[in-house]
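Every chain is named by a letter (A, B, C, D, E and F) in the order it is written, and numbering of its residues begins at 1.
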Amino acid sequence: MKPCKRIEIVIEAPLAQRLAVRLRQLGAPGFTLIPDVRGAGDRGERRADELSGDSSNCLILIACDDQATVDRILEAVRPLLSSSGGVCLVSDALWLRH
Amino acid sequence: MKPCKRIEIVIEAPLAQRLAVRLRQLGAPGFTLIPDVRGAGDRGERRADELSGDSSNCLILIACDDQATVDRILEAVRPLLSSSGGVCLVSDALWLRH
Amino acid sequence: MKPCKRIEIVIEAPLAQRLAVRLRQLGAPGFTLIPDVRGAGDRGERRADELSGDSSNCLILIACDDQATVDRILEAVRPLLSSSGGVCLVSDALWLRH
Amino acid sequence: MSAFLGNLGSPPLLFFFLGVMAVVVRSDLEIPGQVAKALSLYLLFAIGFKGGVALAESSIDSGMLLTLLAAMLLSAGIPVYAFFLMRRRMSTADAAAIAATYGSVSAVTFVTAAGYLDIQGVGWSGYLVAAMALMESPAIIVGILLYNHYGNRGSASASLFSWKQLVNESLFNASVFLILGSMCIGWITGSAGMNQVEPLVKGLFLGLLCLFLLDMGIVAARRFRDSRQAADGLAAGQPLRLMLAAAVGMPLLNAALGLGVAWLLGLSEGNALLFTVLVASGSYIAVPAAMRLALPEANPGTYLTMSLAITFPFNLLIGIPAYHAVIRWLL
Amino acid sequence: MSAFLGNLGSPPLLFFFLGVMAVVVRSDLEIPGQVAKALSLYLLFAIGFKGGVALAESSIDSGMLLTLLAAMLLSAGIPVYAFFLMRRRMSTADAAAIAATYGSVSAVTFVTAAGYLDIQGVGWSGYLVAAMALMESPAIIVGILLYNHYGNRGSASASLFSWKQLVNESLFNASVFLILGSMCIGWITGSAGMNQVEPLVKGLFLGLLCLFLLDMGIVAARRFRDSRQAADGLAAGQPLRLMLAAAVGMPLLNAALGLGVAWLLGLSEGNALLFTVLVASGSYIAVPAAMRLALPEANPGTYLTMSLAITFPFNLLIGIPAYHAVIRWLL
Amino acid sequence: MSAFLGNLGSPPLLFFFLGVMAVVVRSDLEIPGQVAKALSLYLLFAIGFKGGVALAESSIDSGMLLTLLAAMLLSAGIPVYAFFLMRRRMSTADAAAIAATYGSVSAVTFVTAAGYLDIQGVGWSGYLVAAMALMESPAIIVGILLYNHYGNRGSASASLFSWKQLVNESLFNASVFLILGSMCIGWITGSAGMNQVEPLVKGLFLGLLCLFLLDMGIVAARRFRDSRQAADGLAAGQPLRLMLAAAVGMPLLNAALGLGVAWLLGLSEGNALLFTVLVASGSYIAVPAAMRLALPEANPGTYLTMSLAITFPFNLLIGIPAYHAVIRWLL
C-alpha cells in the first residue's frame, strides 16, 4: 500500500473530454471518468440532455503518488473551474500496489 | 486549498431526487449526483430497472466547508437511512478554490 | 459516526460483476457499484462498448468497519489487478450510523 | 380451452415465457434499461393514440361516462376491502401498500389484453384507455389515507413526503400523462392523424409488444427469484405461500367484481374484457414509487413481488383468456 | 389562418405541446436520453437519405450550386450584423455567442419543416439537405473570430481550446457528418436503395417525429422554466424581456433576409420555405458545445435559452406557417 | 466483379464505410451504447424469427441434422489447428484466445450475409440460424482446454473463474439464447405469427441493419486506430503485420474448409454461403468476454483487434461476395 493523493474533479462534459487528454500530457498515471453525472452549484442545475445543448457533468478520479504531478494537474484544473465552474477535491488514500 | 468535509450518500433513486432539493434548503453549497448506481446491503440487491418498480441507488457527493451545514445535512439524512436503507460516509478533503 | 475504511476499486466490467458476488462471501457488509465508467491507465483506454467486446470499467465502493474483512477484500482484489489491471484505493471515513 | 392455448401460443406470450426462461437458465439476456423504458412509452403512446382515434369516430354517451365513473369508484373502493382483508395477516403498512397496489392498474396488462383482442379480432372502444388512466391514482391516495388512520404516523421519510406533491405525482405521472395526452391528440387529429403515424402506431405494435414482454418476463422472473433468495435476510417479505395466495386471490376477487360491474353496465365483449382486466390487475410502477416515499415501512419484497412476479404473469397467461371465456359465457 | 391551424393541429406539433404541458404540470414524463439521441440521429439519417435519393433523380445545375453558396454566405454573414446589433445591449462574449447561434441552423426545425411540407403535399429538392449541413459551421468560426477581435482574449479554458480542433469539430460534427453521409449514400444507391430501407426511412418518419418533438417540448419548456427560476442567481442570463425580444426578432429579421435571397434565387415554393427556415433558425446543439470551449465567458443562460426555449418553438408554431404564407403570397 | 461492386454499393455496406470514415475524420458521430445494443438484439430476434418461420414451412431431414453436426464439429475442431499454427509465433495464451475466436462465429457477419442474400434474391433455410447458435460455444471450451493443457495454469483471475459458470455462460449467452428462442417461437407460431410481427421483423430489417453497421464501422475503425496508437505501450498486442496476416489468413483457410464441407453436404447456394460465412467469421463478443475471465494473460489487443478490426470488415466487404462467387462457380 503506497500513500497517494486522490484527486476528484467535477466539470462539464465537453471540458472533461479534453481534460482527460490533457491529463496524460501532464503525467497522470491514469484516470477514471464517470460520465452523465448531474449536479447543482453556483451556476444552477446541470443535467444530462444531449438534445438541448445543455451538458451534464463528468466526475474524474485520479490517483497520483507524485506530488509534482498533483500540483501540475491542480494548476491545469484551476482556470477551468474559474471560467466554467465545477469542483475539485483532493484527499489522502492508500494505493494497493500489485 | 481549503479544508472541507466530503459527504457521500448512497440512497434509493426516488429519495435521492427529493434529497437533492432538500439539500439546497439546508444550505449545501452544491452537490453532485451519480444516477443508476447498483448495490447490495442489508436490504438485498438493488439494480436499475424502471419497468419493475425496483429502483436503483444514487450516489450523492457534497463538498461542504461549513461544519454547521454538514451537521444539518447529516441530521436530515439519518432518518432516511433508518427507514429506507443506504450509506452515508464523511471524510476530509481539500477543496481547490479558484 | 463510526470510523471505517472506504475501499474504492476500478476494474473491468466482467470482473466487477463476479467480484461483487465474491465480496459478499468475504463478509463485506455491502457495496455500491457504478457501471459504465471510462478510464485510461497502463493498459490503454477503456470505454463502454458492448458491441465491440471492449469492456468498460466499473467503480466499486465498499464501506467496511472491520479491519479483518478489509484485509480479506484487499487480498482478493490484488491478483485481479495484477492480471487484468485497475486501481484500488483505501481511505479513512466516518460512517453515519442510523 | 382452445382460447387458453391460442393465447399461450401467440408470439407476445411466448416471448414472455422466453424472458422467464432466460432467468431460469441464468442467461445474461437483457433489454437495455433505457430501451425498455422507451418501449413502455411507445406502448402507452400507441394505445393512447389508437384509443383517441377510435373515440373520434364514436360519440360520447352516458354509458361511456358511467363506465369511467365506475372505474374510478372501483379504484378507490377496492383498497378499502383489500386493506382490511390483508391486515388480518400482515402489518398495517404492508396491508395499505397491497391495498393501493390492487386498487390501481397495470398498463402493460391492459396493453397486452388489447393486443389479445386485436389478434382475436374482437373490437373495443377508445374510452377504455381513459378508464385506465383514471384508475391509476385514486387507489394510491386511499391507501395512504388508510395507513395514516390505522397505522402509526410520523414515518421517517416523512420529511421528504408532502401530500401536495403526492397528489400531483399520481395525477400527472408519466404513464397517465402520456396515455391521456396521446388519446387527446388521437381524438383531435382523428383518422387524418392516424394516416400519418399508422406504420408506427399500428404496424409495429405487436412486434414491439413481443420485445417488451420478453423484458417483462425477465424482470418478473428475476424478482420472483430474488424474493425466494431473500427468504431469510432483512429483505424478506411475507412467507411465499401467503404471498402466492394473496396475489392470485386478489385478481380473482377483483375480476369477479369487474365482471359484475361490466355486466351491469352492459359493456360489449371487448370492452368488458378490458374493464375486467383493469380491475383485476395490480400496479407495479406507480404505486411502489409512491409507497417508497409515503410508506417506507411497507416492504417492497411483499407488495411489489406480489403484483409484478405473481399477479402480472397470472393475468397474462391465465387471467385474460379466463375472463374472456366467462364474458363469452355470460353474454 | 387555416394554414396556422392546420399546422398546429398536426400530430407532430401537438406532441410538442404535450411535452410543454408535461413540464407545466410537473409530470415526470421524459424520453430516456440515449433514446432521444437515437431519435435525433434517425431523423438526420432519414432526411439525409431522402434528400440523396431525390438528388439522384434530378440533375445538378447552377441554380443548385448558387443556392448552396448563398446558404454558406448567409451563415457567415449573419453573425456579423447580429454581433454588432447585440453588442449594444450585451457583453461582447454574449453578443458573439448569439451571433454564432443565429448564423448557424437547427436541424430539427428543418426536419419539422420538411415534415410539414410532406403533410401539405408540397415537394422540395434534395440539395436543401446539403445546404443545411453547409450552414452549421461557418457561423461558429465567424463568431469566435469576432470575439477574438473585439473582446479581451486569453480566456480561461483557452488551455483546452485549439483552432485546429474547433475547425475539425465544426466541419465533422455528428449531425453534419451523418446528414451528408446519408445523403451521399442515398444519392449513390438511388431508388434501389430506397426500396430496401423505405419502411424505416419513410414509413416511420412522421410517427418518430412526433415522439421526438414530444421530447423537444419537454426540453425547451424545462430550459424556459430554469431560466426564469435562475433570475437572481449567478446562472441568470440577460433580463427575460430583452431575451424574448432578441429571440423573436432575430428569426424574423433572418427570415426576411432568407425570403429575399430565396426570391432572388427563384426557388420553388417548398425549397424557398426550407431555405427560409434554415436562415431563420438558430443552433442549440453544435454552437453551444463550441462556445463552452471557445467562449466560456458567454452565458448559456442567455444564448442557449434564446435559441432553444424561444426561437425554436416560435419557428415551429408560428414561423413555419407564416413564412409559408408569405412565400405563397410572393409567388 | 459486379457481385463485389453490387455488394459494396448496397446501403448496409455503405453505412459501414460511413462509420469508418467518421473515425478517420475524427467526427464525434456515435450511436448511443444502449441503442446499439438494442439494435443487435433486434437483428438476432428478427433473423431468429425468420429462420423459425422458414423452418416451420419445411420438414426436418437428415441433411439438416448432418449440417448442424458438421457446424459443431468445425467449431470444436478449428481451434485445435489454429492453436498450433498460432503458437509458433505467439504466446500460448494469445494462441488459445485466437483459436477460440476463429472457432466461434460473428452473428453480425451472419446477419449481414443473410441481408446480402435477401438483396440478391437468393433463398436460404431456417436451420442455418440454429447452426449459428450451435457454433458459438464449443470453440470457447476447446480453446480453454488447450490452454490449460499446454500453458501454465493457475492464472490470476482464476479465483473468479469456474468451469461450471463458463459452460453455462457459453451455452446460454444472450445472443445464443435470443436467436434460438426467437427461432423456436417463429417455428411454433409459423406464418400466423409472422403476420403479426412482419412490419418489425421484415419491413425494418435492412434499414436497421444500415444503422447497426454504421455503428460497427465506428467500433471496428476505432479499435484499429487504438491498436496502432498503442504500438509501444503495455496495451500493445502483436506486431501489426503479423496480426494482419493472421486475421486475413484465418478466415480464408476456414472459408476453404467451410466451402469444402458445404460441398460435401450438398448445400444449396444460399445455405452454402451462410455456412461458409459462419465458419470463416470470428467472434468478437462472446469469446473475448469469456477470455477475459478464463485467460486474462491473453491480450485483447491481439485477438480482439484481429477479429473485430480486420476479419470482420474483410468478411463484410470482400469475403461474402468472394465466397459467393466461388460457390456459384462450384455449383
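In this text, contacts are C-beta pairs under 8 Å (C-beta built on N, C-alpha and C of every residue); 3 or more make two chains touch, one makes a residue touch a chain.
Not measured: the values here are computed from a predicted model.
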Given subunit C and subunit E, the chains that contact each of them: A, F
Path length in steps (a step moves to a chain that is touched) from subunit C to subunit F: 1
Touching both subunit D and subunit F (chains): E
Rounded Å distance between subunit A and subunit B, as computed from the means of their C-alpha atoms: 19
Centre-to-centre distance between subunit D and subunit A (centres being mean Cα positions), rounded to whole Å: 44
Subunit C and subunit D: spacing of chain centres that average the CA atoms, whole Å: 39
Multi-chain contact residues (two or more partners), subunit C: 34, 36, 42, 79, 82, 91
Residue list for subunit F, restricted to those that touch at least two other chains: 33-35, 37, 199, 203-204
Chain contact graph, described as a line, ring, star, complete graph or other shape: other
Inter-chain touch pairs (all): A-B, A-C, A-E, B-C, B-D, C-F, D-E, D-F, E-F
Sites on subunit D touched by subunit B in the complex: 33, 36-37, 40, 155-157, 159-160, 215-216, 219-220, 222-223, 226, 230, 233-235, 283-285, 287-289, 292-293, 296-297, 300-301, 304, 307-308
Subunit D-touching residues of subunit B, taken from the complex the two chains share: 12, 14-15, 18-19, 22, 36, 42-45, 48-55, 76, 79-80, 82-84
Subunit F-facing residues of subunit D, complex: 9-11, 14-15, 18, 21-22, 25-35, 119, 199, 203-204, 206-208, 210-211
Residue ranges of subunit C touching subunit A (in the complex, touch as defined): 8, 10, 34, 36-42, 57, 59, 74, 77-79, 81-82, 87-91
Touching residues (chain side subunit A, partner subunit C) in the complex: 1, 4, 6, 20, 24, 29-35, 61, 63, 91-96, 98
